[in-house]
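The structure under discussion appears below in the form of structure tokens.
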Amino acid sequence: MTPDPVTPDPVNPGPVNPGPVNPGPVNPGPVNVAAAPSGTRAGTDLLAAPGRAAAVDSGFRMLALGAGLLVLAVLAAIAVSTTQKAWPAFRLEGLSYFTSSDWNPTQHRFGALAFIYGTVMVSAIAVAIGVPVSVGIALFTTEMAPRRLRSLVVTVVDLLAAVPSVVFGLWGLIVLAPWLDGIYDWISARTRGVPVLSSLLAPGVSGTSYFTAGVVLALMITPIVTSVAREVFATVPANDRAGALALGATRWEMIRGVVLPHATGGLVGAIMLGLGRAMGETIAVALLIGGNPRIYASLFGPGDAMPSVIARNLGDAGLYPDYRPALIGLGVTLFVIVVVVNAMARWGVGIAQRRMVGAR
Amino acid sequence: MRSTSRQLAWLAFILAVVVTAAACGSSDDGDAADNPAVTSPTASAAVDYSSLTGTLNGGGSSFQDTLQQAVIAAFADVAGGLTVNYAKSSSGDGIAKLASDSIQFAGTDRPVKDGELSGGFLYFPVAAAPITVSFNLPGISELKLSGPTVAGLFAGSITSWDDPAITADNGTAVAATPVTVCRRSKDSGTTNNFTTYLDAVAPDVWTLDVGGTVSNWPANSQGGETNSDVANCVKATAGAVGYVDVADAIKAGVSYAQVRNEAGNYVTADLAGTQAALASATVEDNLIFDPLNAGGAEAYPITSPTWVVVKTDQPDGARATALRGYLGYLLTDGQDLTAGAGYAGLPSELRSRAVAQLDRLAPPTT
Amino acid sequence: MTTIAPPGPIDDRARALLGGGLALRRRVADALVTGGCVAALLLAAVPLLHLVVTVASRGAGAITPAWFTRSIQGNVGQLASQGKINYAFAGGAATLAQGDIVLGMQPAIVGTLVITGLASLLAIPLGVLGAVYLNEYGRRSRPASALRFLTDVMTGVPSVVMGLFIFSVWVVPRGATGLSALAGALALACLMLPIVVRSTEEMLKLVPDNLREASAALGTRTWRTTVGVVIPAALPGITSGAMLAVARAAGETAPLLFTIGAVTRTNWGIDGVTTALPMQIYANATENTPEQALMAWGAALTLIVIVVVCTVLARVVTSRFSFRPT
């Protein structure tokens, strides 16, 4: 049986070890040892000039280490330089940078709460919509789909991952937002008077709103959550699956009893990866969220999110004093939040994987 | 050599051939080769635009952006060697970028404030255009508004379209929709001119700031970065009202109101009204002119001027020549494009004074 | 003789074993979940399909041979001089027929290729070297694990933060000459580097150790083994991973927003202001004229085609050039 070729995952080249899948598709062509016309000469390589060969080897090792450290250096440089440049704004505002929603550059006031709220709100909507959809697709792929349909589903998910975010934003703005505007009005009209829902689903201003941005973000995080969920589901031991089915469980009962409990840790990690991706998304949100620098109570209202504010204003930020540091401060806040979320996600997925592998 | 490497080598070779073909196959600008010469009745005497080279970056006022883009596109056909870019944002932003030398010419609709630019600078008038009071009332395309009513709408004292003031202006009730104000979020020349008008025509109603930035807009107002963002804001929101230059209003497809002028007539924002306002504007020595709230029976009261500002001292001869070339085109052949773009061209006297001022753009004498 | 107790009441599971079928409740639950998963798939696939169809149909009108050779705005200047572009007063609208507008996008296409190409030149060799360290030298050691973890973390850093970083440390200090294709390429390279490192490492991990051992048994040093055996063996996977990183970088907008500026004529070099396809889409998305809308959709179509071609090539490289044991 020929194994499927392993392709690097376009969205998640990382944390899960595809070890158990297959070590197949590698081309063990002729081993290209340093040209040695005769057997004796090959053997003398080691003996002839050990000093030079060792030097080259350690030189290469240093080079490779340097490249690896470059990643670390860039990450550190990002963290340090952005914090340093944002410091004037933090010093000016103090804690009210994070607790005040009064963002008024012309008046030299920078309270970012409205943008933090917007980022959290949009990401929450994206996760609430996107995670069930992704888990459903992942379950479909691993448990339910016939062989041929599986590759079609994978193609659809890959295509979703390939579409650039600005194209999602363009389509969302021109096509989706006007359509959703009508739906918002319909929903708002029907929930008027209901205690909590009426303010949460109050009419907004136009089609661009937290909810519109959240819906498109849900589409954008689907590939990464689906792919991690699929890998997590694939590592559920086949014996447990078979056992449940042998005892007469329906497919859903098997999923509920065997697959999901095994996958909980990994799924939490997948959700947090999706959350991190949603929080960092800039352009689609900038086009769809409505650009209102205040907290709007309703989900259907316009707001703004940290990355989008940076995107819109950084080019012109020389206009007012401390405006640029304040915007860079938004970048630092976003960086810290996303890094923490991602680190927890990878750590959680890693633990879940080790637990599963160890259990065998 | 393994087949993998060979196939990859072929792929690389084919890609290289394709890229080279594309690069060689296209001239830097395919336009110059196949368009007819642009003739114009006011073609200036033998200015050889095609000998100009380099790149000029401009930016600032979004009010004049439509005209700038049209002129730049036409200029590219006659001056193949000189690339001009104009990036719209706001008047204040353009002046700030000119001060830091990020751009070589700034578009602005308001005069430069003290301290914004160091050293000498020149105003070159470009055109004038109406600031429309655009609105979004489903089913309604005609609206009359007097000055105090407009001030009340934007100050937030009129909160619904069935307010008595609006009904009085129109003779009949208009609609019972709440008002949403769409306005600018940055230091904008359009805001400066609009608030100056409101303060002149209804000082007791207009209690907010006058100038490029207003700090106390009504709480539920929506901010847009440029004129076209405000136009989009109006277009997307039922019951919205916003101040937008006419070109962006037409592009967005929003309706705009007839505004009552000093003579008591309701005038729409069209070419005739703008030219009438321009005719009675006084021009100062530095070529600043002000057609706001102009007298005259036909004048549209909210007519705004717009200029290009450049520094008097240019770093080298090539830059000065390039600027003189582009600005000269803008002031001569470019004026033919104004009406189509939604602006009124300069009166001939103002135009010749501006062209004469071009000579003051000088490279350093050393 | 003892009697055998009769069998107890027959329950669901026993009935199932006896071939009596499942209880309705369980069958319904199962069917609902299956239906729900199919619905989830449709919920993702239908908008995607709609998006692709919309981009293709609205953008196709812009794609002509001139699209690849003319500067941005194409023949708009001519049309304006001929009075055909008319935003005039009193109800005027553009008096253009669809075929009148000939748009160009060469500056953005060249810009995207130049910036992405330069970013790849920077990121891919460094990324492969870094992965070589992680997999060949570092293996499971503490520093390597820490580095691996940090690289994973870096793949999650928002792209706007990369752009912000390059803007504040490269563009701003250089003042007027800061905006350039090089700055954009640096920002994209920061984005691509961790992705290339991780995907290359995964591919290197798949090369069986017996190849390395065989090479070592012949007296080869580690570096020669890596360069001569391991990398060629993993090359299809590495290429594939690199292409996917390139596709991702080509579609990014945020890092370019503050680093490359905007221009309407092609800039073939890496110095000086340039533009790129995602920037053109973003700039024209909120504009209202028919020619600008066409520019946005046409650029979106071009960008999607480039990205999809890269992705498909990546898959082809993997499936065609990988060794499949028979």
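Order as written gives the chain letters A, B and C; numbering starts at 1 within each chain.
Assume a residue touches a chain if its C-beta (ideal position, glycine included) is under 8 Å from a C-beta of that chain, and two chains touch if they have at least 3 such contacts.
Here the structure is a predicted model, which means the values were calculated and not measured.
J.: What's the farthest chain from subunit C if centres are computed as the mean of the Cα atoms?
T.: Measuring from the centre of subunit C, the most distant chain centre belongs to B.
J.: Based on mean C-alpha positions, which chain is nearest the centroid of every protein C-alpha shown?
T.: Going by the distance between chain centres and the overall C-alpha centre, it is C.
J.: Out of every possible chain pairing, name the one holding the most C-beta contact pairs.
T.: Result: the chain pair A-C has the most contacts.
J.: Return the distance between the CA-based centres of subunit B and subunit C, expressed in whole Å.
T.: 37
J.: What's the distance between the Cα centroids of subunit A and subunit B, rounded to whole Å?
T.: Comparing mean C-alpha positions, subunit B is 41 Å from subunit A.
J.: Could you give the separation in Å between the centres of subunit A and subunit C, each centre being the mean of its C-alpha atoms?
T.: Their C-alpha centroids are separated by 13 Å.
J.: What parts of subunit C, by residue number, touch at least two of the other chains?
T.: Where subunit C meets two or more other chains at a single residue, that happens at 232, 235-236, 286, 321.
J.: Which subunit B residues sit where two or more other chains touch them?
T.: Expected reply: 2, 4, 100, 229.
J.: Spell out, as numbers or ranges, the residues of subunit A touching 2 or more other chains.
T.: In subunit A, the residues touching two or more other chains are 27, 29, 315.
J.: Can you name the residues of subunit A that touch subunit C in the complex?
T.: Interface residues on the subunit A side: 2-3, 5-10, 13-15, 17-19, 23-29, 31-34, 42-43, 45-46, 53-54, 56-57, 59-61, 63-72, 74-75, 77-78, 81-82, 85, 132-137, 139-140, 144, 153, 156-160, 162-171, 173-176, 219, 222, 247-248, 250-253, 255, 273, 276-277, 279-283, 287, 307, 310-311, 314-315, 327-328, 331, 334-335, 338-339, 341-343, 346.
J.: Which residues of subunit C touch subunit A in the complex?
T.: 13, 16-17, 22, 26-27, 29-30, 32-34, 36-41, 43-45, 47-48, 50-52, 54-55, 126-127, 129-130, 132-134, 136-138, 144, 147, 149-162, 164-165, 167-169, 190, 193-195, 197-199, 202-203, 205-208, 211, 214-215, 218-224, 226-229, 232-237, 240-241, 244, 247-248, 250-254, 257-258, 278, 281-282, 285-286, 293, 296-297, 300, 303-304, 307-308, 311, 314-315, 318-319, 321-326
J.: Any idea which subunit B residues touch subunit C in the complex?
T.: Touching subunit C: residues 2, 4, 7-8, 19, 22-23, 25-31, 35-36, 38, 55, 57, 66, 69-70, 72-77, 83, 85, 87, 100-102, 228-229, 231-232, 235, 246-248, 250-253, 268-271, 274, 336-337, 339-342 of subunit B.
J.: With touch defined as at the start, can you tell me which subunit B residues reach subunit A in the complex?
T.: By the definition above, subunit B touches subunit A via 2, 4, 89-90, 92-93, 96-97, 100, 180, 185-187, 213, 215, 222-225, 229, 233, 236-237.
J.: Given the complex with subunit B, which residues does subunit C contribute to the contact?
T.: Touch list, subunit C to subunit B: 66, 68-71, 73-78, 80-81, 83, 85-90, 92-93, 104, 106, 113, 175-176, 232, 235-236, 239, 261-266, 268, 272-273, 286-289, 321.
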